[in-house]
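The following pair of complexes shares a single chain, chain A, combined with chain B in the former and chain C in the latter.
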Partner chain A sequence: MSTRVFGRIVSYIVLVLIAIIGAAPFIYLLILSFKSRLDIIIEVPPTLHFNWATIKENYSTVIDEGHYLTYVKNSIIVTGIATTIGLVLGVPAAYAFSRLRFRGSDTWSSTILSFRFMPPVAVAIPIFLMIHWVGLANTATGLILPYIAFTLPLVVWIMIGFFDEIPREIDEAAMIDGLTRPQILFKVLLPLVRPGIIVAATFGVIFIWNEFLVGLYIISQQDKETIPIAASSLLTVESPIEWNIAATVGILTVIPILLFSIVVQRYIVRGITAGAVRQ
Partner chain B sequence: MPDISSSDERPEVATAVASEPVVNRPKRLASPTQRRGETLLLLGPCALYLIVFSVYPLVASLGRSFMDYNQRENTWTWVGFRNYSELFHSHEFANTIQNTLTLTFAGVAIQVVLGTALALFFNQQLRGATIVRGIIVLPMLLTPIVVGLMWRALLNPEWGLLNWVGVKLGFGYIGWLSDPSLAIWTLVIVDSWQWTPFVFVIVYARLQALPHEVFEAGSVDGANWFQRTLYLTLPLLMPAIVFAAVFRAIDAFRTFDLVYGLTNGGPVQATSTLSFEAFQNGFEFQRYGYASAVSYVMVIAAAVGITVLFKVVKVRRVDLAT
Partner chain C sequence: MATVSFSSIGKVYGDGTRALAGLSLDVVDGEFMIFVGPSGCGKTTALRMVAGLEDITEGEIRIGDRVVNGLHPRKRDIAMVFQNYALYPHMTVFKNIAFALKVRKVPPAEIRQRVESAAKILGLSDELERKPGQLSGGQRQRVAMGRAIVRDPQVFLMDEPLSNLDAKLRSQMRAEIARVQREVGATTIYVTHDQVEAMTMGDRVAVLRKGELQQVAEPQQLYEHPANLFVASFIGSPEMNLVVAKLEQTDRGLRCQVGKQVLEIPAELARSRPELERYVGRTLGIGVRPEHLEDAALAPAASIGRLHGRVVTTELLGSELLAHVEIEGKPVLTDEVREVLADVDSTRITDLEAEARDLRSIFIGRFDPASRARAGDDVEIAVDLRRLHFFDLDTEAAVGWDAQ
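What follows is the complex of A and B.
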């Protein structure tokens, strides 16, 4: 009995430790964003106290002077449009792979899925040259076009799993009613795979929201930058001197994605396990 | 929004669906031509898009890996295998490969062990575990630049929290990011912080899906927790563990953003990975040809990894079929 109680206590201590390891870097960065430049250096370890004047100064420096809201707006436009088009193109393709047997269908699906794992640098240079060549550098379209291509394999990968879960009898019944494949997809199946579409959209959004390798050189005009592109130019300079500002940028960069992930949390887990644990 | 593709693609799908006449077909199967038309309609836009924005760039990269770019004249000249022979003789490239393999194999090994341990740990129903599970999933959603920033703050040599803890615990000052032989392991640790949850989520989902009877039978036979885990649970989890490991390895192999955000390849190229090397040569030094050759070495290695992964996925599909 006492060993069981002891075991429970140990388990809870481990649980708290896991939570600390997971959350500490966030909290540390948050605390740093509340400090003045000097306090970060002299106050080791930092203590949590709210000096509102300092906090206001840090955050208004980033939001007002740093044009934070412009970057958020750019990110939302690029992410929203690219994810939507990615779904419009990817969902029908996933449906075709799940249902139709045609010549080379396995080769096609493996090829599309394998793009999910291709190193982005391998396509980054040709895409960069292509976007510059057609004159779309420094435009939202110039980012959206390649980002759709990066989202498509994700969407197809996730959606095949969700279509596979729906019994084929539903398709067959609809076909007897005289519906064509596209009609079946849009009228009958789309409502049934809605959770899958949310999962695919979630992953598209997270991926595009965070992408910057390809974006970094397509966008060189400050007012067109997305959040990670803007953050990278500020944060990767050898070692930032103004750590309070850097920390504030970091916190403001992750806040949108954290809020988003809290809303869609259960879909995130389903998306990661899609393909791994197909029930 | 001046967006070409959105106005292009969406109506295409919409009108295509609308113009399809509703005919009453008593037969279950459409004619072969009609089926081909339908396949093309569903798959065509996606395939076409990927040909332009994924296949073409990959082929172009291959071509350019045999060329040299002259920035001043904006011209490309054919140089055959020169880029490849240069990189295979380069000391820096060998070092880059070593770093990439360290990150891929050591990193993923740590993540698989910890991720599986976490899954087993969370399998005992503890109060508050749901919240903690929610917390540990967050790191993998973060922009890697910010992950880099967080850890550069934690590991800061002058005032970073971890160095303060290290000194208090008697380890003294540790040059996490400045010691060339240590920096790659710092990268492994940070990568593991961010990606262990990925392995955890997959293995935990599999664990939750296992039938309870198996464990009850084990308990009745008098097996203790350790024996049950070793001889029952782990073998049953193996497909998920292998899947997560291969998946993660392919991702770790192409790590770029964490290097960019945490170490910028330094100190003195000690943490440069293949992706980072290709990026630097391509975008910073405008050596597009050489960068393409580096990235093509990666493409070939990734292709091998992908083949292995699909073998694993195939096995799973056969599992399901029976």
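What follows is the complex of A and C.
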């Protein structure tokens, strides 16, 4: 056996192990969401024996009685709008940072990133107070504004990297071909940085989808809650915890983001390797 | 078509570095002008100033009758070919070439017709639907050319367009660009630091050094009458042989002493360089091109001086024998010569410094391949004295240049 084949086998074994470790909690969660509360306590470890009626009951408890779809809708609205605005503002900003030399352009680009280093818990209270003062508590807008503030630095930072990868001569050629700066961005560069936009959007979406703390302060009205907040109240109002329901909530929380990730996955991979090949 | 005129152009960057000073030059209508010089000589800066990609700090650039300082690149009616081609990677060849026309709202039928005719000139007709990533280096280069010629601009600007190609393709594209330029007839400024491109492609060549124009002339003129040591050593490959000599007056005329050897200057040459009188009793630099040296055993007798030396190494190239011969005498080692060497290979300076210390010079001669000279042999070199060049070692200018 050649060392090359051997190396391959080893790397496959390692990859499979990593995949198992990564996927195990999720599979466990899925199995738990298919069991009744009693089964979870009795079956250790859980068997792969399922009962359709139990599955239906678990999911119906969460979706129908728990108004789960309302929260999904709230989350999608908040995540979608905040990410979109973050991109609309962040991409041109990153272009400017990458291409234009203005006073303090270098300092500013790192300052912007440093905003992102601040953990949300440090700013949750001030943000809560500000949102209350402007009367946006318990509104989608009240969530969207701070979420834009959180995602914007990330978008700018990621996109600066992608713009920097594109040779300046492309801009110059476009300029000579007759385009103005904004036209260069929209007609020539946007198609080239599309993988970057998708990477930035993914980071933004995942962050906002999971964000809990700031949302918890700003939203206190149940029908305005996003999924993480709703999930926590679904679980904590009941005691002792119903693990089957908790698992079902977990699965339902992950599904939308999982679908999103699967759709954009190929772009993410391409985005990560975009700079590797010189055009 | 238009004339491009530079008048007293200067460029100082934000950090105070000066890239160009007092460049005045007219590139006449339809002319193929080459800007050549080592890295950092300001040639690319000058080109980018014409394109509008670089601000003009001092002076005025005109394209035709218009002063273009402050005019946006898109309003200058120019086209540019970049060193790395700068093709739009997400567009097909057709779209790349058509892009500028589309931006200018040329009707689609006309775009198609113009792109196809440009593609035909460049031999790209079969590649129109491919993307730049699928093309070879030479093809990408042609697309970049196509993007320029399809515009039918007043001025073509080319920034070292061949430097990313391998040697064989480069010589092919050299001929091709020169042909396309003649066919299109647009005024062209071509930046390169390859002196072969400079010699073979242009109508005229402008040699720049440290932001200053050294000489503008037709290639042959530049080769035969370099204005100073910099041009003399920069143009020509192998370089001009340069050695320090002492000029003496004897009753038979002028003669140069190189080390312990003597070269008589033909009366005809002395008459055509009256300024040489001023150097009698002083040292100056003399230069002789490799092709004006020959193995004395094979040389005809007319106007010939002799130098003895020892062959260090030979390169037999079939059509000629390049003989590196060490002779006694101090090599010319001025700032200008150093700079040319540094641009080629920095170790050459150390070699030359060692040679200067030991008072020995390496002369490279293009000998007839029939020459028997081999490494280690003592050899007598025949020098065509009519083709000697003389340089002032202080000003570094060619003797008599100021008078012209």
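Here is the rule we go by: the second predicted complex is superposed on the first by the 239 of 279 C-alpha atoms of A that agree within 3 Å, B and C clash if a C-alpha of one lies under 4 Å from a C-alpha of the other, contacts with A are read in each partner's own complex, and residues count from 1 in each chain.
Going forward, contacts are C-beta pairs under 8 Å (C-beta built on N, C-alpha and C of every residue); 3 or more make two chains touch, one makes a residue touch a chain.
Nothing here was measured: the structure is a model prediction, and the numbers come from that model.
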Chain B or chain C, by number of chain A residues touched: B
Chain B versus chain C as contact partner of A:I9, first or second or both or neither: neither
Chain B versus chain C as contact partner of A:G178, first or second or both or neither: both
First, second, both or neither for A:P167, with chain B first and chain C second: second
Which superposed partner A:P191 touches (first chain B, second chain C, both, neither): second
Chain B versus chain C as contact partner of A:A149, first or second or both or neither: first
Intersection of the chain A residues that touch chain B with those that touch chain C: 172, 175-176, 178-180, 183, 279
Residues of chain B touching chain A in the complex: 1-6, 9-10, 13, 16-17, 20, 22-26, 28-30, 34-36, 38-39, 41-43, 45-47, 49-50, 52-54, 56-58, 60-61, 64, 118, 121, 124, 126, 128-129, 131-132, 134-139, 141-154, 156, 158-159, 161, 164, 193, 197-198, 201-202, 205-206, 209, 240, 243-244, 247, 250-251, 253-254, 256-257, 260-261, 264, 274-275, 278-279, 282-283, 288, 291-292, 294-296, 298-299, 302-303, 305-306, 309-310, 313, 316-317, 320
Chain C-facing residues of chain A, complex: 167, 169-170, 172-180, 183, 188, 191-192, 279
Residues of chain A defined as touching chain B within the complex: 11-12, 14-15, 18-19, 21-26, 28-29, 32, 40-46, 77, 81, 84-85, 88-90, 92-93, 95-97, 100, 102, 108, 110, 112-115, 117-130, 139-141, 144-146, 148-149, 152, 156, 172, 175-176, 178-183, 185-186, 206, 209-210, 212-213, 216-217, 227-228, 231-232, 235-236, 238-239, 243, 246-247, 249-250, 253-254, 257-258, 261-262, 265, 268-269, 272-273, 275-279
Residues of chain C touching chain A in the complex: 51-53, 72-74, 78-80, 82-84, 86-90, 99-100, 103-104, 132-133, 147
